[in-house]
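Below, each structure is written out as structure tokens.
Common to both upcoming complexes is chain A, partnered first by chain B, then by chain C.
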Partner chain A sequence: MDNNDNNHFRIRNVCLFFIAFLPATKIFLLPHVLARAAGADMWISAAVNVVLDAITLFSAFVLWKRYGGKDYYEILTLNIGKIGANIVYAAYFFYFFFKAFTLVNEQKLYVERTLYENTANFFTFLPFFVFCAYLASKKIFVLGRLADIMFLCTAIGLIILYALAFSNTDFTAVLPVGASGAGRILKGSFSALNWFGDGVYLFFLMGSVPPEKRALGKLLPSYFAAGLFPVLCMLMFYGIFSSVAVRQEFAMTEIAKYSVAINNIGRFDYVAIFALLFTGAAAMSLPLYFATECVLKIAGIEKRAYVAAAVSAAMFALVTLLREHYATALDITVGATAAFYLAMGNVVPLLSLFLKRGAKHAEENGR
Partner chain B sequence: MRKKTGVKAIFLGMLFCALLYFSNNFGLIDIEKTAIITAVGIDLSEKDPEEYEVTVQIAIPQASATSQDNEKAVLSAEGATVSEALHQIGDITGWYPNLSFCNLIVLGEEMLAVDANVCLDYFAKTLKIQYSACVAACEGKAKELLDAITPLDNISSFAIQKILLKNPGMTSDVATVNIKNFSVGYYSPSSSAYMPYIRAVPAGRADGQSGETGGGQSGAQGGGEEEKVFDASFTALFKDGFFVGMLDDHETKTFNLLKESVKENFLIVDDVEIDGMKTDYLLNVTHNRCKMKLAVENGAPVLRVDARIFARVEDRSTYEKREGLQSNALMPEAVARKAEENFVKYLSSIVKKSRESGCDVLELDNKLYRFNNADYAALREDLYERLQLDVRVSFTGAK
Partner chain C sequence: MKIKKELKKSEKALAKLLSSDDMKTLCFPVAGKEVMLVFLDGLTDKQAIGRQIMLPVKTLEEVSLESLEGCILEPELKRLSTYEEIRQEVLLGHTVVLAEGLDGAVSAAAKKFEVRSVAEPPTATVLQGPREGFVESIQTNIGMMRRRLKTEDLKFEQFNVGKYSSTAVCVCYIDGVVGKGLKEKIVKKIKEIDIDAVLDSSYVARFLAEHNTSLFKQFGSTEKPDIFAAKILEGRVGVLVDGSPIAITAPYVILEDFQSAEDYYVSRYRASLGRIIRLISIIISLLAPSMFVAAQLFHLQIIPLAFLLTIVNSIKGIPLSPSFEMFFTLLIFEVLNEASVRMPKYVGMVVSIVGGLVLGETAVTAGIISAPALMIIALSGICLYTTPELERQFSVVRVIFLMVAGAFGMYALLLAISAFFIYLCAFENYGTPLLAPYAPMVPKDLKDGFIRKNQGDEVLRPVTFKSPNKVRMRLRKEKKGNGQ
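Showing the complex of A and B:
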């Protein structure tokens, strides 16, 4: 395998991929969802999800090492046959597609409600789907290049927002820790599964990442760095809004604007917000990218652009169709379907550890 | 070559769409048809006391070549809800009411007799207004306050905002709150909140101020209406949304010293007896370190206040030639003791008013829940009745 080939990810790209894209989707609607479910202990729920995803990530890492950078589809085919692999990939298609629905919908609502003074029409958000289809039509190394650029936007955007919000945050608002009870904390974690499950991405990247030494030492710290941002976001969100946190639907615009600097200078926090919307647009395209990938593998279609356009068009149709039913859609996402997200985002990756057939052969080839 | 041009065209098209998308050009409203609301005043309707009379102050942008001053329009409408009244204004003027620049919401005096949160909740929920907008109550009608002529600014709400949002940390004479703070207090278990109480004072009669403030003209302007300046040093207390009491200016200053870090803040210490002579001192608080801790001892709640206030003498009323050679940085012992006595007196008064009114202005309920959770259920009902004060306060000059 040629490491200099532009068609591949390096571990460095994967690390930046985590930092660039993972936090960007968790600061729109998720704080509201978690506040509703877990109250002051919402940050613990988020931390539980980060740990769960770290386990998923570790499972992907073990598989990646075991098969020396083989594609996940190939690994599945070796172990459970082509039909089995197709079934798993079909399940992942639905997982990514419905995961994307919530992410796209929340950013759409955020933009329409906070950046637009008047009611936006359905056409307003159309450019995103064009971008999404364009991104999904590209080869996977494009995501690495995007991450190289966008991790700075995410990091700077979050640091500016958190720095502005820090002085107005009453961290004691989350005390006493665990007062909501284990039940509500776990309910919060369960409700948030749609926004997490990020470790799964490594399963779909593993075929493009050549083996590297000390990869885990780079992957885990960068993953936890990316996971720290949302946990901190939850802490600050509750520290700022405490008793009214449950009704703040879009945290990102809200947390920084009580700063003295904002009062005196004006809403320059929008610079940070736009930086995060920029990375957010790419981050919410990721599930659609991997949904496209699933269709390509299952159907064996060569023309990537057509599938990418079809998947994005289907998402546009779904979002448009359910535009007046977003609250019901959200309730379904954080309710019963969260079990499906748990299965695909955490259980199936864990079960993948049992995939061993053909591993020795791959190791020998790797040498 | 053709393929590369196509990709570039798509890329440029996407950039253009992104520009329109993020800059809200897809949803642009004609500025001529937009009312830029700078302040909202809420009163009870005179015709129907169950309805609100909402007054908005609208900034009218002026071309810099023709005028350097801000111009305003003050319009009112009535409705069963605040939102309805606001939209009435839009209907009768043809302007789209833009609340993005509204930084002040004023409740008229009549609103203190009803649940203030019923109307403030609209602002707390809508995304059209910034939650950092200040909330205040006022003497008389909010409409009259917004219509007042002031030498401070052509737009009275801008002048009021100068009073409410002084340089951060430089003063502590106003207990400023915004929509979010009020809502957080209202929805907290103790359901207590507060806001500054604004009084319009004739410009020539403001305590310690001349009528020539800010270079404006004192007295009549245009139609002969009296010019006003604004005092917001009193604080209105609310319990369950209803007005239940008032902190005076001394209590408000003490409350602010406890709550936040201040500097360049002035305290008056009257009647300090030194060598048989009574002298009034003005102290300049250079900085403060105040901590409040609620402890439960032998089943009783104890509020421990540890206040360290660093100050210097700014001025005094009598002057002896011998003392004229002393540094202002050194505070006479008698002044420090008197300032400490005053601090304890005003703090006790705040606690007494909290107990009597039921407004947990010191947020002791929160402290009990967060730091003494095991005792919360037993003590929360009669927390202020059983509360003991343990105050350690020191006023220190340079040593």
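Showing the complex of A and C:
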């Protein structure tokens, strides 16, 4: 492969992809969900999920290494046949689609309740679906290039937000560690599965990432760096609000607003919030992007834009239909369907380690 | 059609091919044979024709193509065999010599036409660095390039483009440095151009573009030979067009419009500061009007209280809605902009006074628009001119952002910005990403990015342009003991 080829993901792109997009989806409603489930130990629940995802990421890495940058669909086809690959991809389509449903609804709720508290209407959130369709219509290398730019926004946004919130945080509020008990911590992790499961993205990116040396040494640290932000957010969220954390719906707008700096110069935290919304829009669209990818593979369709539009339209229809029942949908997401997210986000990737057929052949070709 | 030996027949044939009043023929006897000169009035230097062609030809004792070629005192001679070739040469301003009994002709480039003298280009004035600018004559421009890059590897491939204009279009590159396959692609596209006339380099640029519906330009342009040479040295291909002082280069990256010629002649700190200021200016220019409208319409909570009170006081009694007010002010600004560009210079002052004082001041006093709106549009307008090359594209983007913010508010504006970035990230021309070296990030090329490193650090050519010759600088270190 030409070293100058710009149309591929490099490992660096994947690392920046983690930092740019992974933290942005976990600081809206997730702290509220986790506070409800795990109380003061909500940060441990988040950390457990980060570790679980690291295992998924490692599985993806092993497979990627084994097959020398082959597409996941291709690997599945080699091992379980085309029908089997289609079934796995169909399952992933639903996984991404319903993952997106929660994230999109969460974003919608955030936008309507925080940004447009007086003027929210049906059209306020409509542009998001157009945006989703537009992003999903682009080839996968665009995500890598976006990450190259957006990681800076995410990092700056989070650093400003945390810096503003730091002085109001009482870290002793989370002590003693583990006071909520293992049961509540695990329940928290279980509830948060829909927001995590990010290691799966690497399975869908692996076909675009050419083999590189010392990749794991770059991937894991950057993944943990990206995972550190949400864990820190949970710590600060509980450190600021303590027992009333459950009543705070959107951590992002809440954690920094009591800063002294804000009293002097206005809602300076909105600079950080807008930076995070800017990257968050792309991050929230990722599940729909990969859902589109699944449809394209299953149906063998070339016209990406049509599928992207159709998937986004379907999501719009679902969100509109269930707009009055979001609370119920959220309860289902963090309850019964969490097992499905665990299966697709963590178990299936782990099972993928058993895929070996054709690996040697691929390795030889790679040489 | 082959040239006939009979001069009368040739005269008739040429009269058919070049039937125009400015085509002149001049016949005179030489060694018992009739010799005819054909040229176009206005394109040729008559003194040179007399001195360098007629006088030596008249001294000949025998008329043949060889003897004609041997006696004409012009360095640029060409032997012709068909009437079509004669027509072509005459239209280029050359003088063609035909003689009775010869089935060929000789063309001599005794041409002279008025050209603008080399001067500092009005679009790229500098405090430091060369002040020469390209002119409308392609020969002069090629000469300027040759003077800068004295190497046999500097190649010029010339083509005549345009059914009626037959304009000289010259592809310029450095052999061994130019990006792989780039020159071939551009030459192929130039050969495919079928157009009535090429009156400016922008005509060629349109044909060389890979995306016809793109909002963004796909070629860099410059009027300065030093910038042109620097771009060619990076592995790009340049195109010079006769009649145009604007040279185009490909591939294009958006960063190059944030780089000024002066950046390379001043300290790295000043250059970096300049580039960052240009970037901030563009951000302010694109976002200030739309964010102000979105904040006023949907998100008052993000405006600090003291500023909010100022705004409330100033918009009191304004009949227009914030978005319409901003549109109206922007429209006035664009109208003034168009007028000041098109108007003769001596009335330009009037436009400034009418626009700045009468329209602006009076509109605020009359309570039609508010002072903050006027100030924001003025700021946005000025900021956009820090990168004049991007002014046209970004003024369109600014209007789109304003429409989105006015209709849907800040969140939709953020989505629009995000979508704009996606568009830019996906955009490529000749295999080069528009946002390189930032997206995709090319760490080696960041040395000449918004933060400029020392020129001594730019040892390698930019990776982005895929030059096969990667090294552009070797730092020779003195051996120990040699130095005093």
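Criterion: the second predicted complex is superposed on the first by the 363 of 367 C-alpha atoms of A that agree within 3 Å, B and C clash if a C-alpha of one lies under 4 Å from a C-alpha of the other, contacts with A are read in each partner's own complex, and residues count from 1 in each chain.
What we mean here is this: a contact is a pair of C-beta atoms (placed from the backbone, for glycine too) under 8 Å apart; a residue touches a chain by one contact, two chains touch by 3 or more.
The structure displayed is predicted, hence computed values, not measured ones.
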item: Which superposed partner A:L135 touches (first chain B, second chain C, both, neither); value: second
item: Partner chain in contact with A:R12 - chain B first, chain C second, else both or neither; value: second
item: Contacts of A:G144 with chain B and chain C, given as first, second, both or neither; value: second
item: Which of chain B and chain C A:A299 touches, first, second, both or neither; value: neither
item: Which superposed partner A:Y116 touches (first chain B, second chain C, both, neither); value: both
item: Chain B versus chain C as contact partner of A:P127, first or second or both or neither; value: both
item: Touching partner for A:L277 - first (chain B), second (chain C), both, neither; value: both
item: Footprint overlap on chain A, comparing chain B with chain C; value: 111, 115-116, 123-125, 127-128, 130-131, 134, 274, 277
item: Chain B residues touching chain A - in the complex, by the definition given at the top; value: 10, 14, 17-18, 21-22, 24, 26-27, 29, 96, 98, 100, 124-125, 127-128, 130-132, 165, 168, 178, 180, 183-184, 187-189, 369-371, 373
item: Of chain C, residues touching chain A in the complex; value: 297-299, 301-305, 307, 404, 408-412, 414-419, 421-422, 425-426, 428, 431-433, 435-436, 438-441, 463, 466
item: Parts of chain A lying in touch with chain B, wherever the complex brings them together; value: 111, 113-118, 120, 123-125, 127-128, 130-131, 134, 172-173, 175-176, 179, 240-244, 247, 250, 254, 257-258, 260, 262-264, 274, 277
item: Sites on chain A touched by chain C in the complex; value: 4, 6, 10, 12-13, 16, 111, 115-116, 119, 123-128, 130-131, 134-135, 138-139, 141-142, 144-146, 148-150, 265-267, 270, 274, 277-279, 281-282
